[in-house]
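Common to both upcoming complexes is subunit A, partnered first by subunit B, then by subunit C.
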Partner chain A sequence: MDNKRKTRIIIYVFALTALTAAASFFVGSFPLAFKNFAAWVFGNYQMSGSEKFILFDVRFPRIVMALITGAVLAGGGVSMQAVFKNPLVSPFVIGISSGAGLGAAIAIVYFNSSPVIIESLAFLFALAAVFTAYVLSGDGGDTTLLLLFGIVISSLAQSMIGLMQYFADADHELPALTFWMLGGLDSTTFASLVYAAPAGLLCLAALMSMTYKMNVLALGDTEAASLGIDVKRVKNIIILLSALMVAACTSKTGVIGWIGLTTPHISRIILGADNRFVFPLAALLGAFFLLLSDDIVRFCGAGEIPVGIITSAIGAPVFGFILLKYKKTGWS
Partner chain B sequence: MINNKKRSRGGSTFVLSNILAVLSAAVFFTVLFSAAGALFYSGGAACAAENISFANLCEQGLYAPAPLSKPPEKIAVFYPQSLSLIYLFGVQNKVSVLPLSKVKISLHDGGFFSQLDPGILSKKDGGYPAKPDIEVITGAGPDIIISPTFKIKADAFFEKLKIPLFRVHGTFAKYENWLDAVLKFGELFGQKQKAAEYNQYFKKTIELTSVRPETGETAVKNTKKAAHIVINANKYIAGGKKSRFIKWFLTNMGCEVLDYPDSAADEVVLSVEDIVKFDPEYIFIDTVTHAGGIENASLKILKEDFWKKLRAYKENKIYFVPADDNTCFLTNRFFILCAPLGILWAAKMLHPEKFSEIDLEKENEMFYRKFLNADYKKMAGPNSGVK
Partner chain C sequence: MQNGQAVYEIDNLSFKYSSCRDCECGFVLKDISLAVHAGQSVAVLGANGCGKSTLLLLLAGHLKPSGGSVLFKGRDIAGFSRGELSTAISYAAQSHQASFNFTVFEIISMGRAPHLNYFGAMDPGSLGEVYKAAAALELDELLERPFGRLSGGEKKRTMLACALAQNAGVMIFDEPDAHLDIRHQHHFLNMINGAAAAGNKLCIFSAHNHDLALRYSTHSLLLNKARNSYIFGPTQTVITEENLKHVYSMDFETAQTQTGSRRLFTPGTIY
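And then the complex of A and B:
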């Protein structure tokens, strides 16, 4: 497949995501008709306060957050898989999700579920988990060690989350913690975007500019060094940017699984191994996937199933399908 | 080497710059739209009453809106425990949103909620207290929302909607907090008289079980060791903030109650060792709802060997708090609406000689008729555990 065709595919997926985003404004249990919206745009309809509230305060930030978080998780997945040269790596593997979960659990159980404290502690603990794994592995010098320390830190954090769950009040703290761990975009406000959007978008753009280096890293550390790449520095920057953007979004949305693992593989199946194309396509697919999952949540009616359940329910079988595809050829 | 590197990048420079341009445009428009949306709504539309002020009415956290010009017509409840207030004041026909998934335990035909509110299933599900469904709540257009006092992320939306909030601490660890909530709610719905009558009955029950008005006799302190144990998901729960009220009235009736000195936590999980060590003379077991009836629940629970070592078991003084999903005792620990009946019931178990004249059946019938506008016999039927 030549580069022009690859670009065309990316543009198609971008258009599909944009259309889905537009349609998402009219999905939900609150009745909001497109024709009324169109009439309002042309001044022929007076939207009620409730309609404006749902459109601009509930759905708008939620859709933007879905797009950014989906792109961030998928972009983080591509970056991490490139650094670790491991197809089973997702952005959460070095402790981000467990660290964030522990921060959220502490905030829910000991700080009266204050939303600001939940988000702040989730963000700080996510970064602290990555930083700890990074320092223990010798400043990320050995990515295998970093991966293993990430697993250790994750397990420790999980055990502490379990302890928090045990002590949590069964009426409101335990449900709050459970819902947080299952992820959700239902409480996204403009304030949520103020923090997560710049971090997510800037890191995504920075990582996008490093996709060529990710390709070189795939050749092996020695080869990359011989091509003039400062391997350790590049890896550190990629890990830092990925951790930063994933932690920023996860602290707002809770843990949303499978996007960071599945979409990079789908992108590779479509476009091959070139990260310059895989990265933007995965980011767009991630955004599309999370947006669609959130639409399903809102379409399914009242009560709102946590979106992490939907992404897992779709992501796991899709990943299983990918595994079956690779069964004969192997990952190489 | 350098040439190779340049060649490999140069071939797709045009393509990459296009992708970057598209992404940059996406970023630009996202920021632009976010800012525009925020600016647009800052002049925003209010859905309901303006100028709402809140007052923290007691230490436990009860927030009632300033008096409204007229009683609310549409209520959104997403905190199950606050349904007590709805049924007490008979405003169930004004409820358009409630936590259906959370109260499903009693939604079956003939269940407590279904009997008090036959149209309950046609109402919209507002989601869980920790995760309310904003779209459903907004869509119902309530003119008051009953929510918990603990903070939730959805608070930001409610602030924006400017719909008055009546926030209650659902567990009502102190009965004074519950009675405050009753008075404020009654005031809001123009039913001050009923609120006062209920308060009076509640307090009278407490007085009756702590001081005998006719003789001035008080219960003897610390002679009976009692434990109130909630068994939920195989955990034995006692003490903590939620049981403060139960601990208070058991103490008031002359009991030394199994609890932890540090009961600042919402609830304390007991080990079997804790229970055996305390060896209570009286045990009140609350399973929230005794699925399959009290007999079945008791057989299932008491099959554990350690119960047999306890004094209460040997003296046949283990009581299962009447809790079936047809009656007011449902989730008795929290369901403080019917606590006066629970107090009388416990009083008879602890001091049968002192409270022999209390006719529980009669008290229940009166309570249901007067405060719930319902027929106790019809609701409880053969399953009534109140004997």
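And then the complex of A and C:
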């Protein structure tokens, strides 16, 4: 497949995502007809205060958050897979999700579920988990060691989350903790976007600019160094940027699984291995998919169902269906 | 042909892996001193574990000496940045583990990375080098094939083409003959030997087949593992029945081809 065709596919998916985003403004339990909105744009209709509130203060931030979080999880997946040269790692692999979960659990149990404290502690603990794994592995010098220390840190955090669940108040804290771990966009406000949106977009742009280096890393560390790549520095930057943006979004939305692991695979199936194309396509597919999942939640009039359940419930069968194609030929 | 300054001046080079600091296994390489020049093709030979790959990694700047120094074009190689080295030295490792199923074309193209912009956009000159390298390794028919669906020898040829596309003045190959069929072994070594002589480049390769060294190298370095010693010089003086015997701990018999044009050393008793 030549690069022009790859670019064209990416533009199609971009258009699809943009259309879905526009349509998403008119999905939800509050009735808001598109024709009324169109009339309002042309000055023939007076929107009520609650209509404006739903459109701009509820749906707008939620849609933007879904797009950015989906793109961040998928982009983080592509980046981490490139660093670890392993298509089976997710952006959560070095402890981000468990760290964030532990931070949120502490905030829910000891700080009365204050949203600001949940988000702050989730973010700090996510980065602390990555940092600990990173330092223990000798500053990321050996990526296999980093992966293993990530598993060690994750397991420790998970056991502490379990302990807190055991002692949590079963009427309020336990449900809050459980829902947080499943991931959701229902509590998104403009305030949630303040840090997550710029952090997500800046890190995504920086990582996008490193996608050719990600390609060369696939040849192996010595080979990449022979081709002029400062391997350790490049890997460190990629890990730092991915961890920052994934932690920033995860601390707002909770742990949304499936997207970071599988959208990179789907993109590679469509476009091949070149990260310069895989990265933007995965980011768009991640944005599209998370938005679609959230739309389904809102369309069913059940805006509080954790969207993480839907991403897996729909995504897993879709991915499984794609994989069936490889049953005869094998993966490689 | 020793024109001007040496490309490499190695002075009392010693190396031991840091993981061996507290054990008895000691030095992989000990007190090696030699100089090699542009236009030469240098074969590195010796038993398993004698330090061939380690030496090549030191020359490519991927390892730092434990003692002594490696001067590259008169300057300590440690003083060069990876970017500087990547335009001057190409290195192809013995084994390859390219992941993610890039196509043959994409992998060979990565050899151009030192010459491309930040996003790796191909220019016509680079594209020409990629096709030239692919043709040199007879990979033209396989360019769109994913790496994972190649045979072992085809994978090796792809990695060699990647290094060739780099078009560096110094070419280092760790066992370029491994996995290749006999035609491609000779075809490749003949080509790089010719490129070194004609293009005033320096080619350094390790091999287990001393016959390949006899045909396609001007100089040879024979590393003796048992005594941590080495012999370096013009290939015809280094690869002799006596020297091979010492290095490999087995007998060799000298034979002539029927036309009498070439000497062969065929293995004899192992002791």
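To be clear about the criterion, the second predicted complex is superposed on the first by the 315 of 332 C-alpha atoms of A that agree within 3 Å, B and C clash if a C-alpha of one lies under 4 Å from a C-alpha of the other, contacts with A are read in each partner's own complex, and residues count from 1 in each chain.
What we mean here is this: contacts are C-beta pairs under 8 Å (C-beta built on N, C-alpha and C of every residue); 3 or more make two chains touch, one makes a residue touch a chain.
In this text the structure is predicted, and so the values were computed from the model without any measurement.
Q: Based on the superposed arrangement, let me know which partner A:268 touches: subunit B (first), subunit C (second), both, or neither?
A: The answer is second: A:268 touches subunit C but not subunit B.
Q: Of the two partner chains, subunit B (first) and subunit C (second), which one does A:85 touch, if any: first, second, both, or neither?
A: Only subunit C; A:85 stays clear of subunit B.
Q: Is A:184 contacted by the first partner subunit B, the second partner subunit C, both or neither?
A: first
Q: Have a look at where A:230 lands relative to subunit B and subunit C in the superposition and call it first, second, both or neither.
A: second
Q: Quick check for you: in the superposed arrangement, does A:220 touch first (subunit B), second (subunit C), both or neither?
A: The answer is second: A:220 touches subunit C but not subunit B.
Q: Considering only touches as defined above, state whether A:276 meets subunit B (first), subunit C (second), both or neither.
A: both
Q: Is A:58 touching anything from subunit B or subunit C once the two structures are fitted on A? First, second, both or neither.
A: After superposition on chain A, A:58 lies in contact with subunit B alone.
Q: Name the chain, either subunit B or subunit C, that contacts more residues of subunit A.
A: Of the two chains, more subunit A residues are contacted by B.
Q: With both complexes superposed on chain A, which partner does A:212 reach: first (subunit B), second (subunit C), both or neither?
A: both
Q: If I apply the document's touch criterion, which positions on subunit A are contacted by subunit B in one structure and by subunit C in the other?
A: The overlap between the subunit B and subunit C interfaces on subunit A comprises residues 209, 212, 226-228, 276.
Q: Along subunit A, where are the residues that touch subunit B in the complex?
A: 3-4, 6-7, 10-11, 14, 28-31, 47-50, 52-54, 56-58, 60-61, 64, 67-68, 112-115, 118, 166-167, 169-173, 175-176, 179, 184, 186-187, 189-191, 193, 197, 201, 204-205, 208-209, 212, 226-228, 276-277, 280, 298, 301-304, 306
Q: Which subunit B residues qualify as touching subunit A in the complex?
A: Touching subunit A from subunit B are residues 1-2, 5, 9, 11-12, 15-16, 18-20, 22-24, 26-27, 30-31, 33-34, 37-38, 40-41, 44-47, 100-101, 124-131, 133-136, 138-139, 141, 148, 150-157, 160-161, 170-171, 232, 265-267, 269, 334.
Q: Under the definition above, what is the set of subunit A residues touching subunit C in their complex?
A: Subunit A reaches subunit C through residues 81-82, 85-87, 209, 211-212, 215-216, 218-220, 222-223, 225-230, 268, 272-274, 276, 332.
Q: Enumerate the contact residues on subunit C facing subunit A in the complex.
A: Per the touch definition, subunit C meets subunit A at residues 57, 60, 62, 82-83, 85-87, 89-93, 96-103, 106-107, 110-111, 113-114, 116, 118-120, 146, 148-149, 159, 162-163, 166.
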